[in-house]
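You will see two complexes here that share chain A, one where it goes with chain B and one where it goes with chain C.
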Partner chain A sequence: MKRTAFILVLLIGLLLAWAARDFPAWGDPHSPASSSAVSSHFIANTGVDTEVPNMVTAVLADYRGFDTMFETVVVFIAGLAVFSILRGGPNRRTRDREFVVDFEPDLIVTNTVRLIVPVIQIFALYVLAHGHVSPGGGFQGGVAMGASFILIALSWDLKTALARFPIERCFTVAALGIVIYAGIGLLSMFLGGEFLDYAHLAKVFPVSPEMARYHAMLGVEIGVGFTVTAIMFALYAGLSTDGRMRDGL
Partner chain B sequence: MFEEGSIFNQLLVERLNYFIYVVLLLIGLWAMIAKNNLIKKLIGMSVFQTAIILFYVSIGVKDGATIPIYLPEHDPHASHLPLESNASEVGAHGPQVLEASLVSSYTNPLPHVLMLTAIVVGVATLGLALSVCLRIYRGYGTVEEDELLEKLEQMDGQTGGGRGRRRPRKRSPRRNTQESNQSRKVTSAEKSGSQKPNSSRRPNPKNAKPKPSGESLNKSETKDENRPKPVRKRRKSPPRKPREDSSQ
Partner chain C sequence: MGLELFNTLILSLLVVVAVLSLWVRDLVVSAVVFGIYSFLMCLLWAEMGAVDVAFTEATVGAGVSTVVLIATVFNLKRKAKD
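Showing the complex of A and B:
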């Protein structure tokens, strides 16, 4: 069995290495991916279509907004699935509890975390809100924000973290994020455009269509940030306690 | 060995980045195929995913290009950093599409966008996979694949080992149609759990005779695949009855 697998893996490796010779060299500006019409269009036209200087954010939240919306939905569904897979189920064994450790939160660790958690959260909000003009965005900011709650759970215990961000609220916030995202899309649809065509928001907000896209992207990123924050923490809470949501790590 | 044009030169010098991704990908693939532990398989999956992400990001690299964020002098709107000369020009001509010569001075944003979402969704799906592993561990006490298969086989043979599959759904309707004179109270009693009429009926020739043959076939042949599911349904229900009776 293992030998077959090894031969198979080796064969695939040889094939890939053989194919890698035809790939463009490192940093080749004329590589097929870089010279394609799509990415050239994104680079050239982002600044005209929107006021967002960060092309990655513009492509993520505007040109490919539909894709990103459902990526967010995937994250949300994954969180829900983890929760329901671990919560439900037949005959939970009681012997699982034998490795629950009774411990005191460490003084140095908790005080350090007490100091740095606000900084992490401010930085996460900065990354989220500044994702248009500098590297950042909803996913990154959301992960940083979720990490701050996970840090609280790691340094004290899960109970402390859940007191600040209960698991029910996690899913409310995650759903709210998707509602914000889809709501902005629907709003632009009701204003006469297509779904997620943010330029039509300029009809109700006193800004130019390009600036409307800018602000709508910010709103969309906030929605993504909500969902990712909540689901990251919910994943940790569920996985670390085997779904019991108490006396975990 | 590394002279111009040789395959080593091509792979290890010119295309070193791809070679690294291939190696990473193979490590992940090997772990997914050959490892017994489900968690190790997941680690392999993550390594595999990382290789693909690195591959995509390296596709987007351009020599001499900067990050895909407009420099102030290239930003057609430039309202964020109002440079005087630029602002007046923009006011005169309106926003203009970036010149084609300048396109090559920014890295390709598309791979970054794709990988950005792929990373987060990868984390979410990894969490999902880990939770399934936790459930498997909770149910079977192991995440080793061979032990898992062993336990599944044992549960086939043992008394009613199947967890969570309590009701033999296919039986009761068929019994209703065959023995229609039996009143519906019997079926309702079946559902509620008192299975004495069933157990008395169970050693009928209809049910009893095929079973030992099926078992002997299994034990002699021990085919791994395609075997457990139909057999499990047939064999599990008869021995389960006494246990439920004893629990009552």
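Showing the complex of A and C:
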């Protein structure tokens, strides 16, 4: 059985290596991605349309906003799914685990974390807010923010972290993120545009249509950041305790 | 030339790390080796100029998913059987 699996894996690996020969060379100017009309449209028009210097954010949050909205929904559903599977049905087996983690929080570790967590959270907010001009955005900022709560859970215990960010609030915040995102989309729809057509927000806010798109992207990224922060922490809390939400790492 | 050398080094290290993560019996070690894999990928993305992807790889791949994997391993048997 093991040998069959090995041969299969080897064959599929060889097939992939053979298929990789059809890829364009690194930095090939004639590759489909570089020569496509869509790419050159984005490169030429992003700055004019939205005043956003970071093209990646503009494509993710504006041109392709519908896709990013449902990516956020996928993150939310993934968190819900993990949580409900771990909570399980009435007849789920309760197993003793191999390692019982039972220790006092370490003085050096907790004090280091006490110093470092505010820095991580400020950095997460910076990454979130500067997604337009520098690399970053809602996903990265949200993950860094969620990681700061995970760090608290790792260095004290899960109870300390859950006291700051209860698990029920996690899912409320995650849903709120999607509501913010979809709300900005719906608002631009009610103002006469299409769903997520941020330029129409300029009718109610005192900015040009370009800057309306710029600021709406920030709003959308904040929504994504909410969802990702909450779900990352909920995932850790669920997985480290086998869904019991106590006696975590 | 330097870039070629860098890419070759990273790509061959990637293969070594990928095999290693399947080779080791201890699942915690395996999770940490996955973290190393993500960091190498992050270096590779950054070298290609895809800074946004590199950033995501560093936070999600190397940061949170390693922690989540380790958190999961502590609820399993730590040593793999095969």
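Just so we're on the same page, the second predicted complex is superposed on the first by the 239 of 249 C-alpha atoms of A that agree within 3 Å, B and C clash if a C-alpha of one lies under 4 Å from a C-alpha of the other, contacts with A are read in each partner's own complex, and residues count from 1 in each chain.
Rule of thumb we're sticking to: contacts are C-beta pairs under 8 Å (C-beta built on N, C-alpha and C of every residue); 3 or more make two chains touch, one makes a residue touch a chain.
What you are looking at is a predicted structure, and each value in this text was computed from that prediction instead of being measured.
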Clash or fit (per the criteria above) of chain B with chain C on chain A: fit
Between chain B and chain C, more extensive residue contact with chain A: B
Touched partner set for A:Phe23, first chain B, second chain C, both or neither: first
Partner chain(s) touched by A:Ile43 [first = chain B, second = chain C, both, neither]: first
Touching partner for A:Ile231 - first (chain B), second (chain C), both, neither: first
Which of chain B and chain C A:Leu154 touches, first, second, both or neither: second
Touched partner set for A:Ile85, first chain B, second chain C, both or neither: first
Which of chain B and chain C A:Val74 touches, first, second, both or neither: first
Contacts of A:Glu194 with chain B and chain C, given as first, second, both or neither: neither
Contacts of A:Asp106 with chain B and chain C, given as first, second, both or neither: neither
Touched partner set for A:Pro53, first chain B, second chain C, both or neither: first
Least C-alpha distance (whole Å) that remains between chain C and chain B when both complexes are overlaid: 5
Touching both chain C and chain B, counted on chain A across the two superposed complexes: 2, 26, 54, 56, 135, 137, 139-140, 143, 232, 235, 239, 242
Chain B-facing residues of chain A, complex: 1-2, 5-6, 8-10, 12-13, 16-17, 20-21, 23-29, 31, 33-34, 38-40, 42-48, 51, 53-56, 59-60, 64, 67-68, 71, 74-75, 78-79, 81-82, 85-86, 89-93, 96, 133-135, 137, 139-140, 143, 210, 228, 231-232, 235, 238-239, 242-243
For the chain B and chain A complex, residues of the former touching the latter: 7, 10-11, 14-19, 22-23, 25-26, 29-30, 33-34, 58-65, 67-70, 74-77, 79-80, 95-100, 103-104, 106, 108-113, 116-117, 119-121, 123-125, 127-128, 130-132, 134-135, 138-139, 163-164
Parts of chain C lying in touch with chain A, wherever the complex brings them together: 48, 51-52, 54-56, 59-60, 63-64, 67-68, 70-72, 74-78, 82
Contact set on chain A toward chain C in their complex: 2, 26, 54, 56-57, 97-99, 101, 127, 135-137, 139-140, 143-144, 146-147, 150, 154, 232, 235-236, 239-242, 248-249
